[in-house]
């Protein structure tokens, strides 16, 4: 039994732990594992390399992905998918494991439905925007990275008595902002899933200033439909004497040594994936629900929609 | 409505975030909050202090507990419990919230059944040994602290080509060892819940050495019934030329700034606790099951037993 | 003997450790210490508060400054300086200690020469741009913060095979870029003190790509006279197929818990400052040369010029 | 020109950055570099491996040493030294670079005086006990590791109201204890270089308790002539009701990613070492004095004695 394995889309901390789990799990069950470098682009180009235990020694703690990743315009077309399939056939791959986010799993699902190739998806992305799984691999680490940055920013914000808008990643998902904002004690959290009211924001900041509060932090997810600079301008205009700065955290959110939870999530889902392959399942997206590892057919998983954050919203209203 | 609030037993990172959630949650619902310093000992001594928003400003990121903690031999007796109850009556407390581990919640349950006092328990301990909740406040942080220590130890272990036994906390629960061991890629994990075989351990270490592996890390929970020094001696005797060192991580596992998960768990359970009080519930232990906040009557919660670790054991066999 | 103490300009990690050293040092020698909040602005407004041991308990590890800071346009004028002097006289201050960067020490020197007030400067800024001292308080911490960010960025850079330009602070001084770049193994370092050659940069990056190197990191100090975005554009145009991203680290460089070196530098210079006051010196800027605490009259210190970085430049050429 | 390179003695963070500097520096000047694995033991066994740029890619941030280390009883004898020399001759090595502590440099000096081999020493040890250099590679990192542990311990100490004795490394040198104690705000610091008075310690702790202080931290260097457990017993006996715990930090102090300063110190001394070899110098120990790289003949360097810590002692008396 031969497994192909690739990482695609934006990288995420824990991808290496996941690669390790698939490789060691596969070897444990007597399978051969072929790593495919640079995601779907590498698949099309036939960049395959056989992997053994040594290939994954000492990577569990490393951010990034040893198999690298790349965007593949070609694989977004059926033509490109067929070329990828030919490479898989050429290398006699029985099942392909793809680690990535929504785009990666969608490409994998398309490969499966077009060609019948057995495809398995593992949720590797910091955005936590895969509805079928409560948490994605990389999310916990990025939230803690943002938390650490908030700590630094709070030191300087309170020293200067300013309002700082911290923009975080997540594409159209506000989870990083929500979790880091709650954990970091931010005064305001703006996420795409909930419309904001500029008047409310100003009122809240103003009330804080009237109470003697000299600083505050606004966490804003990148998907919110106002740019951070524009928001800063608007708040500065509306609040006399206020100093509003913007920090766009950027790519530091993607890297770093994965936390314990991300490594364990990567390990549990990676092993389950190998076991599903062994059991003869044709395709699946593996994730976690609560603290239980779950799996669904790819198409089913990709069609799900994320719950709203009612409980978190309530907590925000109470604690912030 | 008046809430009393105390922290007891071993301290845990996230206790302060929990205190903050109970205080701000209580104030949000128009209640008065009285902090009780030094756990049950302070309860007996009447060490009450009213708390406001300012009392919990800037503590969400801090390890330890601003209300401090102490062991109370007196509160382990019905006599002591009655004296504690008198203090609660004297201060017109309607409901008492206790944050701590098994001993703390047990004392709280006894107070409730003896006197009818409304008592609510929040799971504050690094040991993760409260069966009614999948995770306790402080566990995630301590696992990551151990993970960081393992990283340091691995640097020196591999430089010197030695075997290091790392002893971690957990009382009679092996969760810290299990999670940190899996996440840290330890070669062997010893936990109280699973009997160990010295011959197997030696065989595994020997096999590694034969393969050219110059070092390894054994994670051992403190509850395992062989001392780390004794284990080191035994392994040294049985493996010619091996250098076996012991590191007992100790109290660094208790402190440190809580991770995002611990702060969020503390906030969610703290707010739910206040809402249960508001709803008129007579007593409860609040925790988390999967990713859902749950609660049970104290006696029910304390009678539960932890699941075995079948899935984690299987992953250990495959990945380590 | 009464000491006035303020922090001004951009905040820096270690300012609190410095405040602690001045306060405890002053108390040790039987002096009274008055903290002045919000820098020179607070001085003009008479925002004085007496400080004792308790005022500085538990702050040695905290970033930011408990005395806060503010920009004061007023204090840049002789008129404003005179008003500040009046406040000092009103509060019977014998000597004023100012912790900050070039602007802060310059304002202090002006206060001294205009009024005869005894003024002492301590070097609190992350920029390391005070020529009279080899290191400023906050520099070591910010370099390590940048180093940590470089680590995260390298994970994602190498996963994606891109070139990332990391812009760091320093105003017109390239030290943060130089130290973090060297320590982080950056491929190219751009600092204001050394002219850059775009052709050379492109040549170097191209050579790396030809050797199979898929990624690289360019550290650019904010004072270099080309914007990071413009540099990214230019490199993208000149290198076919290259993906060049920009990360502007911003305010996270100002905060965070100070490193051991910054706390010790803050403590040594703070204590020396108090001892100079005790000795009757009229004014001084205290700093460090090599590993020895030194001091100079303010005007002399402010007139010095920083050495060039010949040794560091040579090491860059060899190791990068 | 061929350089041999080894690491010996206890490992230290920054050794890898030093290896990188010697290798890249040597290659820059057209030399060949041969790494020798497992210190002097590997030298005797002829465990040589040629090194290129790729050998040292991606190691600057890693703790430990890729060349490993081992204790060599054989190399402590002239016989063993001669065998090592034969291997150097066999591999046509012109100059040997040894990275390690006192024992390592002493062995290297003996090799030089016995055989005339050109030998160069770089100061790799966390203990900071090489008198000829103000700082050793690894010291800054270990101090910061201890500082972080002190932070965790302080959380739990103050929650429980206890006194904690934290034992740190350093062999017979108290620098780690002194620097970490000062930077961490410890209440008492015990180092081998200064005799302690148990009565004074008790008096100080008692005074704190009388003032309402519920906890304290005592940093004790391992070289102090009383065991930490014995000290804990004694203090417990003498202070009624006090709870005194012991934390022996152990091997976590040896590992971890090196700080910026350690990487830069490693790089500067490593490059200077190569330049001395190029210049034809017969032997040298390279270190740092203040912020200037210095070098001395090995025998001269090893005969020096460390200054006393008068300034640091004075600061301790004032600030603690």
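By written order: A, B, C and D. Residues from 1 in each chain.
By our rule, a residue touches a chain if its C-beta (ideal position, glycine included) is under 8 Å from a C-beta of that chain, and two chains touch if they have at least 3 such contacts.
Owing to the predicted nature of the structure, the values given are computational and were not obtained by experimental measurement.
Participant: Measuring centre to centre with C-alpha atoms, which chain is farthest from chain A?
Facilitator: Of all the other chains, the one whose centre lies farthest from chain A is D.
Participant: Taking the mean of the C-alpha atoms as each chain's centre, how many Å separate chain B from chain C?
Facilitator: 40
Participant: Using mean C-alpha positions as chain centres, tell me how far chain B is from chain D in Å, no decimals.
Facilitator: Going by mean C-alpha positions, chain B sits 35 Å from chain D.
Participant: Can you list the residues of chain C that touch 2 or more other chains?
Facilitator: 151
Participant: Mind giving me all the chain pairs that touch?
Facilitator: A-B, A-C, B-D, C-D
Participant: Using the touch definition up top, name the residues of chain B that touch chain A in the complex.
Facilitator: 17, 20-21, 24-25, 28, 58, 60-61, 134, 140, 143-144, 147, 151, 179-180, 182-185, 257, 259-261, 263-264, 267-268, 271, 289-293, 311, 314-315, 318-319
Participant: Note which residues of chain C are touching chain A in the complex, please.
Facilitator: 7, 10-11, 13, 15, 38, 62-65, 68-70, 145, 149, 151-161, 164, 214, 245, 247-256
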